[in-house]
Amino acid sequence: MLKFVLRRIVGMIPSLFLVSVLVFGFVHLIPGDPIQILLGDLATPEQVAAVREEMGLDKPIWVQYGKWIAGVVTGDMGNSIFFGQSVLSVIGNRAETSILLALLTLLLILFIGIPVGYLSATRYGTKLDQSISGISMGFASIPTFWLGLTLMTFFAVKLKWLPSSGFPSIFQSGNWGNLRYLILPAITLSAPNSALIIRLTRASMLDVFKEDYVRTARAKGLREPVVNVFHVFRNSMNSLVSALGFTFAGLVSGTVVTETVFSLPGIGKLVVDSVLRRDYPVIQGIILCIALLYMAINLLVDIAYGWLDPRIRYS
Amino acid sequence: MSGFLKMLRSRKIAIAGLAFLGFIVLMALLAPLVAPINPLDMDPANRLLPPGKGHIFGTDNFGRDIWSRVVYGARTSLISSVGVVLFSVSIGIFVGLVAGYFKALNAPFMRLIDVMMAFPSLLLALVLMTIFGRGMVNVILAVGITYLTRTTRIVYGMTLKLKEEVYIEAFRSAGASDLRLLLKHIFPNLTSPVIVQATFTFAFSLLDMASLDFLGLGLPPEIPSWGNMLSEGSIYLARAPWMLLIPGLFIVLTVLSFNLVGDVLRDQVDPRFRHDIKGV
Amino acid sequence: MPSDILLSIRGLKTHFSTPVGIVSAVDGVSFDLTRGETLGLVGESGSGKTVTALSVMQLYAKPQGRIVAGKILFEGKDITAMGEKDMYNIRGNSISMIFQEPMTSLNPVYTIGRQIVEAIRAHRAIDKKEAWAIALEALKQVGIPDPERRLRSYPHELSGGMRQRAMIAMAISCKPTLLIADEPTTALDVTIQAQILQLLRELKETMGMSMLMITHDLGVIAEVADKVAVMYGGRIAEYAETASLFASPMHPYTRGLMDSIPDIEKESAQLYSIPGTVPSLIGETKGCRFANRCPRALPRCTEEAPELVEAAPGHLVACWNRLGAGDEGPQDKRSSEAEPQSRRMTKGEGAQP
């Protein structure tokens, strides 16, 4: 098992290299001079040249890349143009909101998506199944920000049940009640993703229903719920787990929009703000972190796969 | 195709979807006829009018007619989605075929595609938009690139499977050239799964482009598009909720219709490939 | 009805509704299985053997599949009238079933032991430890070497033959009165086939079970069956004692099946096969379903379906123009067989709708 994981990590090196090249190259593809943007329009050409030399931007591109990647490995991704702080601390300051939002959303997705998908699959072809399929497809067709704004209009502006925007840190205040600021965002974010998990759970369970070993399980005299949980659902978990990477990507895209709608001080909003402010080091840092996170999740998926399926575990 | 019709009959809701899409397309084509009021005409005296006589969907913060903007917005949205589909599908087919068919190209191409998938679609589109700048063609390119990965992977996977089929082997040993095999024998097998994928791409790119507009990083604000309308509507959501509600409903119904039709189409596809297609 | 009849099927019809129409997979099947005996159910692929067995287990695909007529009396009680609750107690307990595909019939994510224990504990109120002991005993009984270790193995670690033995162990772990074996050897190597058949025969004797052996291979029938039911197009064509059937087959289809057994001694250059293909089971059929392929077909055969009647003591046949003693059968056809590729009745050859 350990060997398997190590092999996978070594196999990821070319991908990591490619990711770093793409992320590094992105700044150089942007039209215009980053130094000029950094210093503003009033800077004289001499000042620009001085800063360029100071930052090493006059060196050949591969030297710059080497310097950058050396920094990244030691956790130094440069400084934010807007904040003047290090990129890592800028991102770190925003992490609390995004992580809490993600956890809350994940909880909702799992506790809605899997049971509802299970229900739909075990009641295949019934009115209930058809309604679930219809509703989940509806939710998958709603733009996240529109849903967010609509929920906000209704529950925050009209009914005033929940706050409409912002999120005071729990970390600093110690007040867990602040979680209520994240309820509407989490619902918004989980709606399309739950729909995805519902459909996925249903589809993969329906596939397993056709397997011979399910018939064997029934022929043993096992009760239907036992067959459904221990044979059908258990074997459909492989496909569910393999969709984790896909779900993560959807979650990130949704977070960008949701945090903007609800003005949450998270990483998603930071991306949008940084793009509008042309704060390239921050954008660079965030996309690098997210790409790495995605790859780490896929590694976990592979490990989980082996854990779920003895055929892989022992080969 | 007849199978598709049969399937449609058993799923009435998909017929409704198809009808709605027909309605939207007609509306976009006949825009000047169905919406006589210029969507750009401002009328400060009649700002934020609720839906009613004269303006069936009301007016926006500049007093522009919302119905007209919805109609012209349909044009913009459909054209950009068609652009995304054409771009991502044509490149996806090309790269997928080549990478799947020629063994030496498998690894480098697919590694690149895998790495691209590490960047979530909206995030990638955002970043690309900072490089390209706002504009219709740029939006199509940016979103098109993010959807390229899915089509490529499907085509790649199918090509790999098809290459191993006995009849393809037979043609090869009979001396058929690579080009001929690719175009005459492999490509025709790809069409229906790719069409299904294209339907889903259409739906989701519409959503993504609306999100870009909303974030202020898509089409320039002066172009009437459903996303831009929502973006403006979000500012007035308390005073003029119809500004948000109406274009939103059009997006939801259009995307839903595409998904419904895509679902029926997918069930028609060869079961060997059904699993490769990622709809919702 | 004499009480030594364990399973009695009368006029069973199991139909499936599909997008292309109603498939009458089983369309009026009747036979008896005597306690302690082995009944062979033989027929080409697609003739409805599996659906018949699954009807007994009430495990045919639902809700498309439905028993539209007939009775299945097991120990005198009608299974078709039973609810799911009663069926839970029958399946895997008094009636067990083993399947054709040992490779896919075991759940890949659980150990053999866990899967057998699961079967036992579904029917016996005992703790895990006792159940493991019974499972171990069952593995020993089916002749799996190193049974302690094998209990902890996953299905993929076992060969096809071993998996089929494990399936059998699971099936007998609750000491069923009836064992249904659906082509248990088809997917296996020839040498292993013989071993598995031998094992089933021994188990039947030592445990006092009855057995319904489904196969498309008359060779298997000759080896294990006391009585045979020949099935064609969802109906029973002929039903007799094995010896009687082999000595004097009465249905032209049975005759055709026998002629298509490869005869090693004769070294005939060509293998005889019944010309034509299995009929479509979609919709209603008038007359005998074999008529279009039958060398002895009469005009009447396409008009009216023959009933299963007792033509000789204990020998039932459904045919308007049955073979009498001394009939030659389609010998002439054998020489005139023009098709270069001879077709055998193997899996997947039937015309599936």
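Miscellaneous remarks
Residue numbering begins at 1 within each chain, and the chains themselves are lettered A, B and C in the order written.
Simple rule for what comes next: a residue touches a chain if its C-beta (ideal position, glycine included) is under 8 Å from a C-beta of that chain, and two chains touch if they have at least 3 such contacts.
All figures in this text were calculated on a predicted structure; none of them were measured in a lab.
Taken as a graph of touching chains, this assembly forms an open line, each chain in contact only with its neighbours along the path.
Across the assembly, the mean Cα position most removed from that of subunit B is the one of C. The centroid of the Cα atoms in subunit B and the matching centroid in subunit C are 52 Å apart. Rounded to whole angstrom, the centroid-to-centroid distance between subunit A and subunit B, based on C-alpha atoms, equals 22 Å. Per the touch definition, subunit C reaches subunit A in the complex via residues 57, 59, 63, 84, 87-93, 96-97, 99, 101, 104-109, 118-119, 122-123, 154, 156-157, 167, 170.
The touching residues of subunit B, when paired with subunit A in their complex, are 13, 111-112, 114-123, 126-127, 129-131, 133, 203, 207-208, 210-211, 214-217, 230, 233-234, 237-238, 241, 244-245, 248, 251-252, 255-256, 259-260, 263, 278, 280.
Looking at the complex, you find that subunit A touches subunit C at residues 125, 211-213, 215-224, 226, 230-231, 234-235, 308-311, 314.
Across the complex, subunit B is touched by residues 14-15, 18-19, 22, 26, 29-31, 134, 136-138, 140-146, 149-150, 152-153, 157, 192, 195-196, 199, 245-246, 248-250, 252-253, 256-257, 260-261, 271-272, 275-276, 278, 283, 287, 290-291, 294-295 of subunit A.
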